[in-house]
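Each chain gets a letter, A, B, C, D, E, F and G, in the order it is written, and its residues are counted from 1.
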């Protein structure tokens, strides 16, 4: 299983407390405030909202399993 | 195989005894009371109900294999 | 490959000798009496019946490779 | 990669020399006489026949890579 | 990643120099003379021809990555 | 999980600071300036734009999980 | 993750500097001059062209992640 190297983890640290967009395999995304992460890219996201091209749905706090993540990006507010 | 780091596991501990929504690869979800978990995100869920966009179906007690899990979220009661 | 922790294995031990429903990746399920399992969730199921939404088919004794398993649940008799 | 535990391997030993049905990921199956196996569920099957819901096709001797196997079941003669 | 045990490798040795049919994930097959293999089921096949249900296409010498292989079978000449 | 050997990593070093096209599993691509990478092909891309055959969409800074990457190529400006 | 054994790697060495066709999971192919490879089948291909059944598209230099590769074959000029 792919892990994150220390330098990539440092980048992720900058995102904590900010709103991020997490794109997941299968086409959906999660938008919310990144609270924590680990070296497997498992993520805890607060005020999370599931978004796809047509709709969005509040999920609240979510734990995302890292191997579903395609990319993480700071989201526009 | 992706594992959970200790900090991510601590987060999961807060969910035990509560109703959670577990989204699975393939589009289905399981809603029920989280009884236990391990570091591979294998989950034991009580009073589990399989839910998708149209229907739901009672399963009772289920053991979910962790590598099928996309995310876990506390569910509205 | 995801393994089961000792605590999750203890849960599984309660199912041995009982009728279980095993949901497999790809949408099918196997219903039968759980005879044994190992820490990779490889399962031996007796009197197994392959079930999907429309039909069922007797298979007899089956060895299920663990990485195909989504969840296991005690089945109604 | 999921391996088989010794107890699961012992079960498989009972199938050697018998006709088995091997269900593969992707929907096809192989029916034939199990000649050997290893702990990764790689299988050598003699007089193998590829079967799906509509047709069957003789393959003769086949080596099946274990990670394609969903389940193995003794087949009716 | 699934490897081949020594006993399974011995079986494969019998195929070297013969025409084999290699079924690949995704539905295609490669037919050609097996020149070599390794314990990951990586294969070198000479005079290889890509075959599917409707057509065939000459590829010449090919190196097949083992994790795409479903099964190998001696092919009728 | 596949890693990059030192020689392949040296190649990747030449791309840092340049515009690259990253093709992802599932058919999408990311175009942007490669800022960093690690041995798992996890990538940090600045001024990233998600591109597919019909449209493009600005993402800004993205962290791409390496196991989604099919290929990386220097992009025309 | 499947690696290449030394004997399979020696075969690959013969392809360096030649035009190769690389078939990728998902149905596309890359045709170009193989410049380097490593034991995970990560490839650097020059003058690479993405080819599928209907069209082709110049990519220039590409780094292909090995786990997307189905097969490599010397290409007709």
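The rule is simple: a contact is a pair of C-beta atoms (placed from the backbone, for glycine too) under 8 Å apart; a residue touches a chain by one contact, two chains touch by 3 or more.
This is a predicted model, so every value here is computed, not measured.
Taking the definition of touch as given, a chain qualifies here only if it contacts chain B and chain E alike; none does.
Here the spacing of chain E and chain F, counted between their Cα centres, is 33 Å.
Between the Cα centres of chain A and chain F there is a gap of 18 Å. Shared interface positions of chain G, i.e. residues touching 2 or more other chains, are given as 1, 25, 41, 66-67.
The cyclic arrangement of chains, read from chain F in the direction of chain G, is F, G, E, D, C, B, A. Within the complex formed with chain C, the chain D residues making contact are 1-5, 7-8, 11-12, 21, 25, 27, 41, 66-67, 69-74. Across the complex, chain G meets chain F through its residues 1, 24-26, 30, 36, 38-42, 44, 48, 59-68.
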